[in-house]
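Heads up: the structure comes next, in structure tokens.
Chain IDs A, B, C and D follow the sequence of writing; residue 1 opens each chain.
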Amino acid sequence: MADPTPAPRPPRIAVSAPGEATAEEIAAAEAVGRLLAERGCVLVCGGLGGAMAAACRGAKEAGGRTIGILPGYDEKAANPWVDDVICTGLGQARNAVVAATGQALIAVSGGYGTLSEIALGLRLGRPVVLLGGWAATLDSAEGRAAMPHVPRIATSPADAVEQALAALARG
Amino acid sequence: MADPTPAPRPPRIAVSAPGEATAEEIAAAEAVGRLLAERGCVLVCGGLGGAMAAACRGAKEAGGRTIGILPGYDEKAANPWVDDVICTGLGQARNAVVAATGQALIAVSGGYGTLSEIALGLRLGRPVVLLGGWAATLDSAEGRAAMPHVPRIATSPADAVEQALAALARG
Amino acid sequence: MADPTPAPRPPRIAVSAPGEATAEEIAAAEAVGRLLAERGCVLVCGGLGGAMAAACRGAKEAGGRTIGILPGYDEKAANPWVDDVICTGLGQARNAVVAATGQALIAVSGGYGTLSEIALGLRLGRPVVLLGGWAATLDSAEGRAAMPHVPRIATSPADAVEQALAALARG
Amino acid sequence: MADPTPAPRPPRIAVSAPGEATAEEIAAAEAVGRLLAERGCVLVCGGLGGAMAAACRGAKEAGGRTIGILPGYDEKAANPWVDDVICTGLGQARNAVVAATGQALIAVSGGYGTLSEIALGLRLGRPVVLLGGWAATLDSAEGRAAMPHVPRIATSPADAVEQALAALARG
């Protein structure tokens, strides 16, 4: 019998990365996935293709673990680098599950699905780090005023992962 | 027996308006609610207090109808100007139901709940009109490039309602 | 300006009635819809065709109001007797919204979607009345033991509506 | 660099097991969890205490993996034997995510939350195996007639796991 005493869980970091993505977003997502795995994190994402697949592939190449939270019921929609498939059937409301499941969120895309995950993450008080994508738009005085939580702006995949983990360490 | 032949449904317009709101947001939400009712629309919102209550009160003062889509299970959380209470128990995922139920969305707040409804509405292809709130942040070249749908910027409650109805009329 | 003082809301009763239904279920759903409307209730259902359409048609013929909570995003899926369309995009999870939105639930079908709404309604402490369908299966000693809430068994549409309203009146 | 070629995913089996459970349900859940792990399956459940914790503990004692799909946003609600915590915030609608995520479902409880997962699993066409709990109620002629999918009745934890895996093998 294995020792059932549970070890502490590794950090779960959500990566918001779209199915249709630019080459830059694909590269950023893959780098973020790889770095998260190297830091011992579990990667959470929407589970589909494009930059989601890139993030998962990066994590698996570095020996990490991945969770894919699908909008539909069919596991076949998951990219092959997803370890644990969560079939929600919730459509776009699954974005709320992605944002809530990550203890922090790194957003690498400029699409509206990502914007919804950024907003839901901040609404739930999760640390949110922007790497490209919405960074230029949301890093403004207007967006940062009078908010209890503000997104952090990262300059590289490594900086994004550092900021996400630092935010978790501060609790 | 009443004539069961169904009449066409009136337009359903979602108003994204937060529980904690500035005086300006409260006034804007109430004006939008009143104008929507005067134009024969059903108002859809998150059903709670603050600017949501203001929007509903405005609609009821003008003889309109209101739907409140609550995050929880208890109808007592609904403001008194909600006609039809929808108890979802979905937490923040109910924002996706608000965005999907409105055939168009008017956003009067600058909070993250509203940002999530803006993003989810645009993700679903619903016309989205910004009145104050996130308008200054999202009305930028960065945000508007390469998107199939972009938010419309309104200059007044009347302009917001006009733009929302014009977008619906164009189909 | 209309008087904005809100009147008390009419009771909302969910009717669990499937898209594919027997002739008996269709007839029961229509009768329940009509009787609910005659008693001043708002009817809540899943909004699609079959027995859901029958329930809504019955309610509208009696001058009542209807809410249809759809599993998808497209209002065109709603039957023509739905007054207020709620587009959830939640798939089968919308059954939880139907069960939660009704202050009581009347189940007229023997399918699994209805069984899920019965179970979710009871789980949430809502009064649940069974008219045919699952009545014979769930009206057993096994099912009724050790449960804080048990389904009520009705013998006719009128009895179902009476029991649902009586349960609400007891609060 | 680790080999990124993805291995086939292990089967995911949902175990419907309540927070408040009888001693018999606790023992059954733990045995099912242990046997699933011995057969190489990932266990999916609602992630909380009681029989959910027993199922997860059984799986971890046998060296398996566990996914806990929580109704709320706070990971602290998860029992310590959950490996991957999914925070949904969806309330009871999370039962639909549990039922959809399992490729098959084993139900060991007689409560309404479990009944909703049984019904949702069958509604989605997932194989459902009943071990105690609702078995006596649902194993009737009424419940089995005219249904495209019917629940399977198991006589022991080992039989339940065998039937679930056999159903998956038949596709």
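Heads up, the rule we're going with is that a contact is a pair of C-beta atoms (placed from the backbone, for glycine too) under 8 Å apart; a residue touches a chain by one contact, two chains touch by 3 or more.
In this text, all values refer to a predicted model and were calculated from it rather than measured experimentally.
K.L.:
When contacts are scored as defined above, which chain pair ends up with more C-beta pairs, B-D or A-D?
P.N.:
More contacting C-beta pairs are found at A-D.
K.L.:
What's the farthest chain from chain B if centres are computed as the mean of the Cα atoms?
P.N.:
D
K.L.:
Counting in whole Å, what is the centre-to-centre distance of chain B and chain D, each centre being its mean C-alpha position?
P.N.:
That gives a centre separation of 39 Å.
K.L.:
Measure off the straight-line distance from the CA centroid of chain A to the CA centroid of chain D, and report it in whole Å.
P.N.:
Each chain reduced to its C-alpha mean, chain A and chain D end up 27 Å apart.
K.L.:
What are the residue numbers in chain C that touch two or more other chains?
P.N.:
73, 88-93, 96-97, 100, 124
K.L.:
So in the complex, which bits of chain C are touching chain B?
P.N.:
Contact set of chain C toward chain B: 1-2, 4, 6, 9, 12, 42, 57, 60-63, 65, 67, 69, 73, 75, 80-90, 96-97, 100-101, 103, 124.
K.L.:
So in the complex, the part of chain A that touches chain B is made up of which residues?
P.N.:
The contact residues of chain A facing chain B are 90-93, 95-97, 100, 110-113, 115-116, 118-120, 122-124, 134, 136-138, 140, 142-143, 146-147, 149.
K.L.:
In their complex, what parts of chain C are in touch with chain A?
P.N.:
Those in contact with chain A are residues 72-73, 88-93.
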